[in-house]
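Shared between the two complexes below is chain A, which has chain B as its partner in the first and chain C in the second.
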Partner chain A sequence: MFKPLLSLQRVGKEFPARGTGKGLSYKAVNEVSLDICPGETVGLVGESGCGKSTLGYLVLNLLDLTSGEILFEGQNFANLNKDQQRALKSQIQIVFQDPQSSLNPRFKIEQIVEEPLRLNGWRDKQKRKERVRQLLDKVGLGEEYLARFPHELSGGQRQRVAIARAISLNPKLIVLDEPTSALDVSVQAQILNLLKKLQRDLNLAFLFISHNLAVVRHLSNKVAVMYFGRIIELADTNELFNNPLHPYTKVLLQSIPNINPEKPLLVEVEGEIPTLHKSPLGCSFHSRCSIANDLCREAGPELQFIKEGHWVSCNAMSRGRKE
Partner chain B sequence: MEPLLKISDLHVGFLSYAGVARVLNGIDIELFPGEFLGLVGESGSGKSLTANAVLGLLPARSAVISKGSIMFEGKELIGRSEKEFQGLRGKKISMVFQEPMNALNPSYKIGKQMVEILKLHKGLSNKEAKAEAVRWLTQVHIQNPEKVVKEYPYELSGGMRQRVLLAMALSCGSQLLLADEPTTALDVTIQAQILRLMKETADQLGTSVLLITHDLAVVAQTCQRVAVMYCGNIVESGPVTKVLREPRHPYTKALLKALPNPDSETELQSIPGSVPNLLSPPAGCRFHPRCDLVKKTCRELRPQLTTVSENHYVACWREEDHV
Partner chain C sequence: MAQFRYLRYFTKRYPLTVTGAVIIFLVVMVSLAAPLVSPHNPYTLNLTDRLKPPGSIYLLGTDELGRDILSRIIYGARLSLLAGVGIVGIAGLFGIVIGSVSGLLGGKVDQAVMRLMDIMLAFPSLVLALALSAALGPNFRNSILAIAIVKIPVYVRLVRGQALSIKERQFVKAAQTFGAPKVWIISRHIIPNCLSPVVVQATLGIGEAILIAATLSFIGLGAQPPAAEWGAMVSMGRIYLLDQWWYASFPGIAIFITVIGFNLFGDGVRDMLDPRFHN
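Then we have the complex of A and B:
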């Protein structure tokens, strides 16, 4: 096996729950362990509020960890000095959901793509300009866009600019946080194809965060399903979609409307996603789970190895094994 | 059977400093009692605008209806006064919006907002209206309706808010429900719940639904018929099974191919080019600059919807070649 590029080890992030007056905190990310290998795409799916974006920000070191550690190429970010941290940060980049708000409206496209270069020791102006042209070409934008402002571009073109900026420093890992959710399907297809091509050409690893399971399936090598701050199932893409084991994953897959009118929506899950105030004890899914028992209401299960390339966190799995 | 809603040859333009943007370019829609009709298309194709025109919600200063008619229950809606529209909105024609937080008044309790319309349209007393509000909340499967009427919108989850909106839309006995991307802001498991609820309640009450969405799979799961819009025109309409399985218009075909398909690993096919500027739309068929089957007639004349099989209509000059 490859040595992992990025390794999350029991990573946790708590936010103080303000306004409750009880000094409570909210575990946005809870004991998450995950490896990403070079050139690989790991999909991270889950519903709003489950902690997927927070996890993405932790990977980028935009937030401080509450517990656990993150290793990038074997180095722990927390143990490095300022200069080393900076060098490491340029190896991990991000593309956000809404390019309208992630591009500076007062910068021209050239300035936007040039900025990371300027800040990372590209002193020679001519070389910078050359590089910007090259980058725009890589994402399929011509030279005529150099002098334009973001508002003059369509949503898909803006996302291309954001991608050009993200690859400008030759990163090894890009966190893609819902990169196509704001786009129409025909444009989404263009961007997904572009990402695939760049990944092949530049040997990039992606952490692909999305709530759109069809898109995740199309792009990812393996998929992690998050629910309420935890990874509840992790498997190779085909394995996960063909043989989901966690009750939540099953429900999630059944809830996707099928384009075939003769495959009706199956029985879906009742109830809502728990919130901070109504955080359930035990397994966080037990309040909506059809096979929950007393154990699930008391003890939260751990992620456990089922077979090569498949991990699940469900009490029913360990029950099944013991019997 | 008489259609409940019949839009014929509707042209809507918007005045702007640069000229008139022709955003609806002669659209025809028929909706029969008790029917679910899906209206799909990408952003800016004119889907929401069509619904707003039916409700008389086009901005009076800038929007011009230059031609066409909108018949509801056999009566013309265009040219009615604001007062007449007020009698229709919420009573005979209701709308459910994409973002329920924006559609509800944040500073009134749920109960008050529901009671207000029941008193106005049904002439109920305060007490009767309160009981009716609770009954409707039960109808849309809200647990604890007595508690929810005393809560503010911010205290509810997205799914709950959408249920409240649906209850409000149906509570005065509307025959026509315009649902504008009702589940786009929701998570998949909640989306499945709301879609099922909409279908159940509308079937039970015999309400007709015009479901506006960009998601073909949502249409496949809920509607009997679908109309595909591109750039202010309806390019194809017909039974869902026909249109999704045997699409005839190149745009519908392209749209379906752009969707990530779980059964194939192949590269997604995107539609070349981008949506044209409506201030100077292309002559002839508005899709011709992006179409790979374009011929001479397409550049000159606008194709009309023609029958290709029972209830299946396509606006494309290529259909001539099949005959």
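Then we have the complex of A and C:
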């Protein structure tokens, strides 16, 4: 396939655990490896607190890595000088979940969209203004919004402004951190279609972080399922939804509400999520897994290749193959 | 007409706030128009009219050098307003800058700054202002500076708390992704978004600042004679209190009314900016 645009290699992020004594830390992201190709959308799903957003921040270089490395077009951010880092930062942008909080309430829309331009060498006021108009036009907002404040806009319009700001520097990758979950369902579809259109026009790659499986399925080329800081299953979208292999992915997919009266309404994952500072031995999912055995309580599985476009991290897979 | 009706509604709903605003307005107007409204020159000595009781020529009487007390109170309003606004302005400005930098940088810088502020807050503000003012040399300008320095921690704490929460907001994260330098983040994102509590604090603080400035003058560490300063006037009049009660009383009443005006208005502003207040 193509050369990856972004390549995560055994990336890890630990936060020091305050108040629990010395030397302890939370592993928010653990040994994550993932490639994103130009123009591709990778969905990242998982429950609250599993490290999705932390991974997003790592990709944006807003947090420092604890281990592993992140390569963007083959370059490691940590090895670049300040100017190069700045240039690389402008290549990766983010759209946040809550447009209420991601737009400075004291800025007018024009100031919001031109902020990245001003900070990246667009000195000429006239050109900037022209560019801001173009950008707003691209996201479907007219000139009349230039002088308005964020609180005068609806949620969907605010998210459009956030998207305009994100594409202002012609980035190659945009991290979408649950961009639609704060919006009404009808508006969600508009925003998703806008994102799709922009992706086509500008050849953008998306890292799409979400817990809404239906939306992920609609937008993604491949999907990574995260649990407790690790990627436990990674597959092309159709493959993952039709043939989930990891027990966690299976319950996750069963939890999509359906209207088929034959099926049970919702499946609940039983058991508790392990606490972060007491990482259990073995597979992190074993305390809630229906098919866990003694091996799972002792040895954690690695992400392993099953077939083209499908990787899973589960002891049961290797068991199955040995038998 | 509509504005008038709104004003009437407002007066009925928040009588104390409006009272405060009216007092402040009157004090400001009087101090601006001091040369026009004062019946005598506040500095002219008139030794034949020493210590006259309030009467038709000297409405509030005269002091031991025959100066008209009413005129001196009117000119004194200028000094007191200048002290109040100056102190709060200087303290607020430094507080905003130090607090937002400290909050954004965090870590050891933040720790060091905040411990220093804790130490300053541990002293009673009057005592610290007294010591600083004495060290700088007793005059009106130095007393303002001393009180402003003492009041800085109040604003630092306030702004730092705001900065801590604002820096986690997503528009700051977004600014970081397109490479905004720290100076930009502080000046464009953090400071504009933490101003409203500072305004409330400042309005409430003016009254207290005027009081402390007058107190320093009373002790002799602020405005020096012959300045027409309320605190200094009370101080001079103190010795005549039993026989010439008007000398110390009227400047004291002026301080009282002005401070009350700012406090009432400040309370009102605080309530109005409190989101729970709207119903």
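Note that the second predicted complex is superposed on the first by the 310 of 323 C-alpha atoms of A that agree within 3 Å, B and C clash if a C-alpha of one lies under 4 Å from a C-alpha of the other, contacts with A are read in each partner's own complex, and residues count from 1 in each chain.
The rule we apply is simple: contacts are C-beta pairs under 8 Å (C-beta built on N, C-alpha and C of every residue); 3 or more make two chains touch, one makes a residue touch a chain.
This structure is a prediction, so every number in the text was calculated from the model and none was measured.
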Under the superposition described at the top, does placing chain B and chain C together on chain A give a clash or a fit?
fit
Under the stated touch criterion, which partner chain does A:37 make contact with: chain B (first), chain C (second), both, or neither?
neither
Would you check which partner chain A:120 touches, where first means chain B only, second means chain C only, and both and neither mean what they say?
second
Quick one: classify A:101 as touching chain B (first), chain C (second), both or neither.
second
Is A:24 touching anything from chain B or chain C once the two structures are fitted on A? First, second, both or neither.
neither
Identify the partner contact of A:251: answer first if only chain B is touched, second if only chain C is, both if each is, neither if none is.
first
Please name the chain, chain B or chain C, that touches the greater number of residues in chain A.
B
Is A:190 touching the first partner chain B, the second partner chain C, both, or neither of them?
first
So if I take every C-alpha atom in chain B and every one in chain C after superposing, what is the smallest distance between them in Å?
7
If you look only at chain B, which of its residues touch chain A in the complex?
42-43, 157-160, 187-193, 195-196, 214-218, 220-221, 240-241, 244, 254-256, 258-262, 267-271, 274
Mind listing the chain A positions that touch chain B in their complex?
47-48, 154, 156, 184-190, 192-193, 196, 211, 213-215, 217-218, 241, 251-252, 254-262, 264-265, 268-270, 272-273, 275
Contact footprint of chain A on chain C as seen in their complex:
169-171, 173-181, 184, 188-189, 192-193
Interfacial residue positions of chain A with respect to chain C in the complex
57, 60, 62, 86, 89-90, 92-94, 96, 98, 101-107, 115-116, 119-120, 162, 165, 169
